[in-house]
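Listed next: structures, encoded as structure tokens.
Shared between the two complexes below is subunit A, which pairs with subunit B and subunit C, respectively.
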Partner chain A sequence: MEELLYLYGVTWKEEAQETDMTQWRGVDDSHHLFHIELGNLAAVVSFVDESEFGEEVLEEKTNEMEWLRKKAFRHHEVLLQLNDGMTLIPMKFATIFKKEENLQHKAAVYETEWKIILQQLQGTEEWNVKIYNRSDLLKEHTAARHPEVMKRKEDIAQMSKGMQYLQTKKLDSFIQEIVSQEQETYAGNLHHRFKEFCVDTNSKKVWNKNVTGKDEEMCWNGAYLLKKEQVEPFLEQVTTAQENGRDAGWMIEVTGPWPPYHFSDTKTVSGVEG
Partner chain B sequence: MSRREQFENRDIALIDILDTVLDKGVAIKGDVIISIAGIDLVYLDLKVLISAVETLVQSQQNEISSENMDKEKEELEYAVERP
Partner chain C sequence: MSIEHPTQSSSIVDVLETVLDKGVVIAGDIRVGLADVELLTIKIRLIVASVDKAKEIGMDWWETDPYLNSKAAEADTKALEKENQQLQNRIEQLENSMQRMYNHQK
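Showing the complex of A and B:
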């Protein structure tokens, strides 16, 4: 049976040498991990059977959600394990080479970029933050606490019955307007606050309710690259934001540390800012 | 308890992992498999995946405690699925 090389990630040669990964199993739960030296770098790989990971088979396998779920999880699990002990450029699911020669060729093309990325990733962690909102709570909160709303309410109380009716309706749409603006700016403000702790940030796709399966609307989905020593103050800031936002219907989810999936893209390196 | 201990490796949704480890993310419409000639990089067909994920999210909501899910949960020490 033909065997293919499944690439998990790229690290420094020394870090790969220092890590005993030979006991860890790969994405197929069978073959063990090992590394292939690529000059100063090293590729962390395992063999996989072509009968399961060959290109045509893989196309078929993507139809099997159970298979895909299991393997994608396993991929992530392996990467978490690796990421725990080394500076790692994580690869996406199913990055596969037919033979080592092809991997070496790929490495020659990306060597310079990979080195730059690994230097940037040195001593960092990736964390992800998602901000959700329950607009009904935010509306309630706005109605009860917004100074302009409160002032208008007081004014309305002094008016005649007919005027009160009209002005209350007007006030309602005013509140709705504030809520919309608030949703737009709140997530942005939080992002900027979180950003101050970070080496780099990346925005992720905001999912709709069909995807999240939540009642709350997702307003922001972002990835944050932090120096290790900044993680604690960053999470402290997130916690403060969670507490401050709760009454007004804000829900902030933080997950990590992730393998730096969102800060390892070779295509972005040449145009990187700062 | 540090904030790190409080948040580390908790509450990672299935969808989040799939969205991250699959090449183009769940919400983007991919075309066919991209195979770079001679390099053998294989990426998944996301068109197929999107519908699969949608089905999965629905079944997640409906059958949280199905046998499969329990089995998956045991297997995955890092990833915690959420309804």
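Showing the complex of A and C:
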């Protein structure tokens, strides 16, 4: 049976040499990991069978959701394990070579950029923050606290029944407007506060409820690259924000450390985004 | 503090949106055209949700019926393997302690 090389990530040669990864299994849960030296760098790989990862089979397999889910999670687990002990440039799911020679050739093209990225990633961690909101709670919260809303409510109480009906409807749409504005600015403000702690940030896609499966609306989804010593203060900031926002329907979800998926692309080598 | 570990099943979205969509893209020798990540995530999340739901209402009997499900059979084999391993460990322990007693008597 033909064997292919599945590439998980690239690291410094020394770090790969220091890590005993021979006991760890790859994406197929069977072949073990090993590294291939590429000058000062090293590629972490494992063999995979062509009968499962060959081009035609893979095309079919990636349409089988159960297979894809399993393999995507396995890929991620391997990267988590690697990321725990080394500076790592994580590859996308299913980066596969037929021969070591081809991998060596490709690596030569990217070598300079990978070195720059690895230097930037040294001593950092990637964290993800998602901000969700329950608009019904925020609405309630706004109705009870906003000075303009409170004043209008008082005024309405003095009015005749017919007037009250009309003005209450008007007030309702006014509150709705404030809520939408608030969702936008609140998430934006938090992001800027979190950004203070970061080396780099990246905005991710804000998913709709069909994707997240949550009742709350996603308002912000961001990746944050932090120096290790900044992780604690950053998480404290997030916790404070979680506590402060709860009553108004805010839910802040923080996960990490992640392999630096969002800060390893050659496009993000220079400059801070977000 | 609610720090979720990224491999938790609750974060299917997290894992898929990063693994399938992000990470360094270099063209390998095998070309794979993945469908839209949004669509894939929805599909996979629904499958997982329906399996969970089935478990919740007790519709997962087929998962544990060894004649109907090879996965369950696998689990059975695993259980046997585990038992086997435990027995072997015990034998080893017994042998070791016998060896120690023997050495002691010498």
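We take it that the second predicted complex is superposed on the first by the 255 of 274 C-alpha atoms of A that agree within 3 Å, B and C clash if a C-alpha of one lies under 4 Å from a C-alpha of the other, contacts with A are read in each partner's own complex, and residues count from 1 in each chain.
Note that in this section a residue touches a chain if its C-beta (ideal position, glycine included) is under 8 Å from a C-beta of that chain, and two chains touch if they have at least 3 such contacts.
All of these numbers come straight from a predicted model, not from anything done at the bench.
Of the two partner chains placed by the overlay, only subunit C lies in contact with A:I89; subunit B stays clear of it. In the superposition on chain A, A:H105 contacts subunit B only, with no contact to subunit C. Shared-chain residue A:L80: touches subunit B and subunit C both.
In the superposition on chain A, A:E232 makes contact with subunit B only, while subunit C stays out of contact range. Using the contact criterion defined above for the overlaid structures, shared-chain residue A:W67 touches neither subunit B nor subunit C, since it reaches no partner.
When both complexes are overlaid on chain A, the residue A:F97 reaches subunit B and subunit C alike. Taken together, the two complexes place residues 4, 53, 55, 58-59, 62-63, 65-66, 68-69, 72-73, 75-77, 80, 92-98, 102, 106, 128, 204-205, 207, 210-213, 235, 239, 253-256, 258, 261-262 of subunit A in contact with subunit B and also with subunit C. The part of subunit C that touches subunit A in the complex is made up of residues 1-7, 11-35, 38, 40-45, 47-49. Those residues of subunit A that touch subunit B in the shared complex are 4, 53, 55, 58-59, 62-63, 65-66, 68-70, 72-73, 75-77, 79-80, 92-98, 102, 105-106, 128, 204-205, 207-208, 210-213, 231-232, 235-236, 238-239, 253-258, 261-262. By the touch rule above, subunit B contacts subunit A in their complex via residues 2-4, 6-12, 14-23, 25-28, 33, 35, 38-45, 48-49, 52-57, 60-61, 68, 72, 75-79, 83.
Taken in their complex, subunit A has these residues touching subunit C: 4, 7, 10, 53-55, 58-59, 62-63, 65-66, 68-69, 72-73, 75-77, 80, 89-99, 102, 106, 110, 128, 204-205, 207, 210-213, 235, 239, 242, 253-256, 258-259, 261-262, 264-266.
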